[in-house]
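Some structures to go through are shown next.
One chain, chain A, appears in both complexes that follow, with chain B as partner in the first and chain C in the second.
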Partner chain A sequence: MLNTPKVLEAIGISLHVSFVSTLFAFFLSIFFGYLIATRKFFLKKYIVSFLGSLTSIPPVCAGLIVYLIISRSGPLGWMELLYTPLAMIIAQFIIIFPIMITLIINYIEREYPQLKDELISYGASQKDILFLLITNQKGIYLTTLLIGFGRAISEYGAAAIVGGSIDHVTRNMTAMIALETAKGNILIGVILGAILISISLIISFGINYFKNDD
Partner chain B sequence: MMINLKNIQFQISAKTILKDINLNIQMGKTTVIMGKNGSGKSTLLKLLNQIIKPSSGLFESILSKPVPMLFQKPLMFQNSVNYNYQILQKIKKHQINHFWFEKFDLLSLSNQKMNSLSEGEKQKIFISRIMSFDQSQLFLDEPNQSLDLQSEKLLIDLLINEKNKKTIIITLHDFEIAKKIGDYFIYLENGQILLQDSYENFFKKFCY
Partner chain C sequence: MIKPKIVFLIITLFLSNVFARDYIIVQSTTSTANTGLLDLLSKEFFQDTGIEVRAVAVGTGTALANAKKGDGDVLMVHSKIDEIKFVQDGFGVKRFDLMYNDFVIVGPDNDPAKIKDKKNISEVMKILSNPNYKFISRDDFSGTHKKELSLWYESGISIPIDNSYIKSGSGMASTINIANEMQSYTLTDRGTWIAFQNKNNLDILFEKDKSLFNPYGIIAISPKKFPHVEYEKSNRFIEWLLKGRGNYIISNFTIEDQKLFFTYN
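Right, the complex of A and B next:
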């Protein structure tokens, strides 16, 4: 039987966790992406390559790494983060941050040299240059945001390992789909699956819209 | 003398872009830099405007900092013509005039999106944006690119009008336009000055 409050709760948990992890990853990607892309320093090439290779990290491995760090016997075990929404946020952050920062570094490295040269001739400050880098192609940033959010909300493995699929606390949409389908409650699985697909389609539509707008 | 260059070299990642550049830019004169694609014209213009620093050599300029310059691929924002025209003016916080914007008849395009315009229309906006600052030094990198004949003629007329009041340093491919506006000419090849001289001498030597 369909338990509407539980379904809504799972949707709420998914949206909340993915939204926070995406926003956190987005702002850090802009900050560090700008620093990395606009400066020349030792090891830069290796850091960019490392971040690029992290984009393909299997989510379940990211979950495992976070699990090992925050489990009771791990270095951050004393913080008691395991099986909390915050643990899911951290795991999702580890998955999406490399993707988002790589997209932003690529964009800034392409745009910055020309933008900087011309803006210097206008006497622009670093703050002006950053502001215009962001506002010049808002679509790039919105696309990055949507790609991160899409990846975070549809991810199962990592969130399941560190979240534990605890009812009312960490049971998000993907965890509920897996659980209810395993229990034979196909209807709930299908409804949640349809909602997840709808969210993914809306995100894809958004990405294409902003791409065309640019 | 406005700018003096002695034995200037400019390198990027061990690649020499400009070498043995010796040059005097005279105040109140129009200096035309010519040469094939990739000869170093844009780099020399950026160097003269202090946007890039030479790798070695002596550089002297009466300008303490760069002035707004027309680039070959100017900054274009995904927004309206008005936004593109005004955004850099807001950064510069300088007294502006709309003479060129009106002369190029761009008022009717003010609210249009930049990416809906032709390359020539965009170029007229970029030129007007630079000219709105009313500065006494002009650094222009191929300002006539993408312009139709009528707009090109207007550009030449307006530059001829400006040249008595300003120091102009301009890169061009078109010799006919260069002859109309230039006082001093530089021809670059593979990052080196092959020939530089005043109008009569330059074209006398260049023909041979």
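Right, the complex of A and C next:
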């Protein structure tokens, strides 16, 4: 009843797309999050608020925005990104980046002022401070990774629109659940959903395991 | 502070897209996808020719819109009027008859509206327009929805505007599920119906009127209008479907021993 090779393929595509989008969003969150949190600049409050508001962008909207840009009739149509895993990565990135950077900014704004004074008195440079912020408090960063990844792997709408749910190529777990439900295979949809949650559970356990090793 | 590894990852990801286009994109309908036919044809064509088929199942209305924006190489839908216009307007090269099946009216097996013994579709539509019987419409410009609208039109009945006419605005599966929950009638293509696994107590109550004929067409998107299309590969796919092994696969595609699609030769 359950086509195992196809399910494994879908799991692989979900993991690939969501891992890459999460890592990509993670590093950019740290980089820009640190810059935004530690500096005062014109429009800072507005930019931070705007990023905060983007945390509730509906996945379908993120998908549509990317679709309009990478469609043949759009500005980046010549790159032929539509219906590829890379398009899915970009769409998921747009959803999770605001969430992750908001978490990072909040954390750094809280920790940085006291840490900065302490460390500068010891002669630390900007790079040193950032390095210590990351390595000393693994917790917040692992949590950010987890939240970003959870959001990415569970979303349906963004990756489906720009990926096209194509067999072997862009049909990830959530797209497969939608397809099986559309065929009337409600039970299969539920089973696939359970598999997806189990995978998230394993990854969450893994991350929290490292967290407690602090 | 941007890690070099990330830059490398980005570059490889982009490069993998820049050089390859050994696949064709087919804009198609949910009825061909939900039956499993599209996946099968893609797999078999790749085996025969090495050309990958990326079939996107979005519904007739969306497929047409996408194709008009150049987001595909081949169009495979079931709305003949729109397909002919598509070619006339220069978006497609030529329309070919690909395959056909029919639409059926499904409803609760006790058939409260008593449409089972009616002789033609006009009688059936007239009865279903009665506010005592609920009818679910796709309301999404899909091939099925367009057929439904034409049935009302052909029968000379204005589309009901009371609560017994329900617009699901969603796909065939969702619509059938609503029909089941609300014990009402709806129009579906036979292929989706045969493949559908959640029929509950719904059953085919009316079929085989010639107005319920459901032809699928296939069109190569015009390289004149969109120079980037894989025209040669698209033509190979179309030929394979019309005269090659694809034709055989379509006509031998069965679910539970029932044929879902019929070919013209």
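Criterion: the second predicted complex is superposed on the first by the 197 of 214 C-alpha atoms of A that agree within 3 Å, B and C clash if a C-alpha of one lies under 4 Å from a C-alpha of the other, contacts with A are read in each partner's own complex, and residues count from 1 in each chain.
Keep in mind that, in the parts below, a contact is a pair of C-beta atoms (placed from the backbone, for glycine too) under 8 Å apart; a residue touches a chain by one contact, two chains touch by 3 or more.
Because the structure is predicted, anything quoted here is derived from the model rather than measured.
Q: Looking at the overlay, does A:115 come into contact with chain B only (first), chain C only (second), both, or neither?
A: After superposing on A, A:115 lies in contact with chain B but is clear of chain C.
Q: On the A-aligned overlay, A:84 touches which partner chain: chain B = first, chain C = second, or both, or neither?
A: It touches chain C, and chain B stays clear.
Q: Go through the superposed model and pick first if A:139 touches only chain B, second if only chain C, both, or neither.
A: first
Q: Looking at the overlay, does A:31 come into contact with chain B only (first), chain C only (second), both, or neither?
A: In the superposition, A:31 touches chain C alone.
Q: Looking at the overlay, what does A:123 touch: chain B (first), chain C (second), both, or neither?
A: A:123: touches chain B, not chain C.
Q: More residues of chain A are touched by which partner: chain B or chain C?
A: C
Q: Which residues of chain A touch chain C once you look at their complex with the stated criterion?
A: 20, 23-24, 27, 31, 71-73, 77-84, 86, 89, 127, 130, 164-167, 169, 179, 181-186
Q: Going by the contact rule at the top, pick out the chain A residues touching chain B in the complex.
A: 114-115, 117-124, 128, 132, 135-139, 213-214
Q: Write out the stretch or stretches of chain B touching chain A in their complex.
A: Where chain B meets chain A, its residues are 46, 49, 51-52, 65-69, 71, 73-75, 77-78, 87-88, 91-92, 139.
Q: Where on chain C is chain A touching in the complex?
A: Residues in contact with chain A: 1-3, 6, 9-10, 13-14, 16-18, 21, 25, 30, 33-34, 36, 38-39, 42-43, 54-58, 66, 69-71, 171-174, 176-177, 195-199, 226, 228.
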